[in-house]
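Both of the next two complexes hold chain A, though its partner changes from chain B to chain C.
Here is the complex of A and B:
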């Protein structure tokens, strides 16, 4: 992204302006910074502190981590969340971008607006409500898709809730509630591309798919990367959905299906905040590594950094 | 967008006239578009239609009647009665709580995140890059990982069970800051600000007169995601709020679920909450978010920067 440098004014004036802008910058970020310290950094530091100590506040080194990793539920929980994440990331990135491109260029504006609204609609049910709806959708006795469930060999709620099906079920719920919002965001990003650019592509003979692949998608790459980061983060922290599914499946689904559920069990069943914090820190590190990879590879931070 | 068009121009030889092959490929392309949109439409809308119809039926009709059939208004009235008299109409209290928590947090989020995102994108100050990096880091960090530490922190400051124990953590919204930042960084020409500064406008004036009006779409976007996210948040209130009359609607839904015999055969005997009442509760719980969407939709669809670059 090219940025014109400030026009060649008198040098002292420019320096004065820069200093003034710096002061204003601090004022503008001050409120947010306070919240960041209070509810971001302080709790993070506190969980790191907890992860390296025991309940008496004594330093235990990596003791809590060794204990957590050695737990018999640790690796199964990460395998579960891994298989879910793989499916979820591919699906959400490919489908939301393709859909946004279609809605931007291949559909009349009125219809596009209606469809965006309808796709977004389930986003209002994120969390508890969506799980409740999908409990109904996946229960063959009441579901409108009973035929489809039967065709897949699932004729009872019990069969649907087989542990092996859980990643697919969670992807369905996550996509149902989350994809519409991302389609709106991607559409907004596509809208940012000047009409002249697309017009020029059309005049030069590029078809809609070619335009999408060569022009539109590269120009909204930043947003796609951003979506990928957040989709990964929200996916790795899955808690409410498997928790409610586990409760409603009457014991078929493990109460420690996801790592976060395991951390919850450590904290609230055993009262072991230190082990819970150690597990949280592990999840955090994984998120950080992936985010760092995406950030460095996408040039997300180059903007405005002359 | 200040970026010039990338070099994608096709050479003259690649320009083709509309031939038969191209026409049929157009047909395939239209078909692909249609199939994708139709499949998505069914997937997104069918559960919603089912949900709207569910409260008009009895629990037994839900099991045996056609899934997309309409029951009766009488049954809907019965479900309404059962739901609103549950524990003396506690559902209204839950909805009021959700409104207070979400609206309070929304106000604080906008007041803090819009100026912050603007400053990160458009001004220079020492520590800018650090703040941006930390924002991204906290943003991608699993927020449930912070719920327990936040709980302990609130406990330390004796905020447990107060309105602030929900509103303050909710109003910390790095996602919003980042949305505003990325919006200004990609869409607002810096020259425009530089010109205003040279004309003698103060930083505050530049922000309120130039940046804010242009930022209306992204403010709508942030407000929208913040409100929806907070309205639907479950984990933190679940841990922090001890008594039922402080619950937001999401935690209330969980309580209804555990009172519904269909999902909890052990408990819930003798209560009037069955599947239709639960479906009705879900619908009521999402209505405010739907209304908000109708209002912010214009900002969302009018494009992120229709005004500035296209004149």
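Here is the complex of A and C:
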């Protein structure tokens, strides 16, 4: 009897325990899932619905997309964001990785953590505040760097805000606020490389640069790809910075400089939510294609083949 | 192994691609509705239906900060009226805050303010439903305010409010363009105040030679086109039909202004930096072609020119022209919401704010309502700063604003500031930059559904 009851009593207990563990798992992801549904998946689904319909809810096929692509501001906006992204991605990938490698290997630990904190600091500012800082920095009449601006031939704020300078200005702002966080992430990634590997490289006669190029960077490749995907996604959605620059430059900067701004104008100036949705869906598709390319080419999600 | 798997993937991809292409083709070829369905509602009185009225209900007033004291004064004088006063940017400088909000209120079906201060451009969208099921935001004031009162607004000042034979706003203030000059400097240097554009040009050339560094105007502000090209009767955006816009910057009335300004820009007697740009040197301004509010806002407040130096002269005309026309730079309006549940109360607020002579005597800018303008000019605070009496100049210019510069669904400041200003900053001439300006206006107009004629 005792023998019979013992296992039968233990089994339900174990099953119960397993069910509780499963429940806890669901409980932990539930908060995120609810938010993801409410603010991620539902709006995405709704904008896909809007992108294929008109204001009466009638199906329009690709009509909204054709209309958006044919708009006179479409190609200029994508040219703007394209030149910005090209500069921003190269800069953020190269400089954050180089900085992280230097901080990891060539700087004393104490100084390294102070520097990492300093690099990270501007990222704590909200986007709006960082734009204001740069408006101040770039106004020749008040900037502490007036001499430098004048040396570049920029003596008035209008000259600084010339259309050709905008991608550079926006890259400056984005790098200043965003790079610090990535330096910390890359530093963490470099910390994951076992000391024995670096030791072995040193024994084999590899100098610091050779170690960085042949050991460290290949070993944090996945983090770099991950950074590329996120930096591309956030970069292609640029909105606040050009919007504020447009206001501060008293209209010299186009109110539809970036595609996201164009979508905003469609939605809130023309009341054309369908065209705005079509443009947003286009941006989503571009983001997904780039992410898919990076993921498949780099084997980001491949498990255990290294 | 790898090759096989990659081939499998490619095959799958190819199949998927084919399916995708087929789907896209089906979607594209399917019988689709138009992207812009015909709106059922139309503007005009037929569309205006009062909301269910609740007499005495709270009136929400949206105002810019400049007009806020006047709304507060109304509240003080009418303690029994329930007011909810909200401050916003007043849709100045091309902001579209009000439009954005009304779009959203039209979707949610509630939240509209009852009375709003706005810019004339807002009338163009506020008189059309923002979506097929919405009602146009602006209520026709000609059905709410007595005609005798509307008739007392300065000539043409209500024309931006008028759509299809109805009036949809009450004009708050006019910004008629006049000729501002520093009387002290003009007397000291022995210059005559010009009365024609030709004399203005000659003066600019003199100043460039004898007093380099001084300017007789600026072309670099977001609204400089309204000071110069509007005054020149240039058909930059003239409504010639219900939805037909004439945009012709190569018309003689435009090129005469371009040709007049280019030499002055070249010899630097007309600045390409805007008066309101950071770092503009206000002590070197001899003269400006600008709105009536420049006296107090630019010369007194921003440039800190001492009292008794600045004076205003009549707007310039072209030699041989019998009538003078001038431009207009801004000037606000008040609109009443067609959704108001207390439209009587809302009308009373809007009417008081635009026509109450004792309150408007101390308004910051020139009132559009003629009796109020007279009271304003009689107020010592509005004239003591100037070297000569500005009353007659202001009163006459208020009636000379050219009405061919139409109120359109887009702000004329956007194409001007996006194309001309960066070109001027880069050192190009106006005539070199005008084609881009023309193209930008045409593109804006077409994207908003106007039929554009360029002649």
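Simple rule for what comes next: the second predicted complex is superposed on the first by the 270 of 306 C-alpha atoms of A that agree within 3 Å, B and C clash if a C-alpha of one lies under 4 Å from a C-alpha of the other, contacts with A are read in each partner's own complex, and residues count from 1 in each chain.
Please note the rule applied: contacts are C-beta pairs under 8 Å (C-beta built on N, C-alpha and C of every residue); 3 or more make two chains touch, one makes a residue touch a chain.
Remember, predicted model here, so these are calculated numbers, not experimental data.
Partners chain B and chain C, brought together by superposition on chain A, fit side by side with no clash.
Touch criterion met: A:61 reaches chain C, while chain B stays clear of it.
Contacts of A:78 after superposition on the shared chain: neither chain B nor chain C is touched.
Of the two partner chains placed by superposition, A:88 touches none, neither chain B nor chain C. Of the two partner chains, chain B is the only one touched by A:280; chain C is not. Shared-chain residue A:140: touches chain C; no touch with chain B. In the superposition on chain A, contact is made by A:158 with chain C only, not with chain B.
In the superposition on chain A, contact is made by A:120 with chain B only, not with chain C. Within the superposed three-chain model, A:182 lies out of touch with both chain B and chain C [touch as defined at top].
Distance between chain B and chain C in the overlay is 6 Å (nearest C-alpha pair, rounded to whole angstrom). Shared contact residues on chain A (touching chain B in one structure, chain C in the other): 141-142, 247, 267. Residues of chain B that touch chain A in their complex: 1-6, 8-10, 14-16, 25-26, 29-30, 33, 36-37, 40-41, 43-51, 54, 62-63, 67-68, 108, 111-113, 115-116, 118-126, 128-129, 131-146, 148-150, 152-153, 168-169, 171-172, 174-175, 177-178, 182, 185-187, 190-191, 194, 197-198, 203-204, 207, 217, 221, 225, 228-229, 232-235, 250, 253-254, 257, 263, 275, 278-279, 282, 285-286, 289-290, 293, 297, 300-301, 303-306, 309-310. Within the complex formed with chain B, the residues of chain A that make contact are 1-4, 6-7, 9, 17-18, 20-29, 31-36, 38-44, 46-47, 50, 95, 98-99, 102, 106-107, 113, 115-129, 132-137, 141-146, 176, 180-181, 184-185, 187-189, 191-197, 200-201, 204-209, 214-215, 218-219, 222-223, 226, 229-230, 232-233, 236-237, 239-240, 244, 247-248, 260, 263, 267, 273, 276-277, 280-281, 283-284, 287-288, 290-291, 295, 300-301, 303-305.
Every residue of chain A that touches chain C in the complex is listed here, in rising order: 52-56, 58-64, 67, 71-73, 139-142, 156-159, 161-163, 247, 250-252, 254-255, 267-271, 274-275.
Those residues of chain C that touch chain A in the complex are listed here as 24, 27-30, 32-37, 93-94, 96, 99-100, 103-104, 106, 125, 130-132, 220-222, 273-274, 276-279, 413-414, 417-418, 421-422, 425-426, 443, 446-448.
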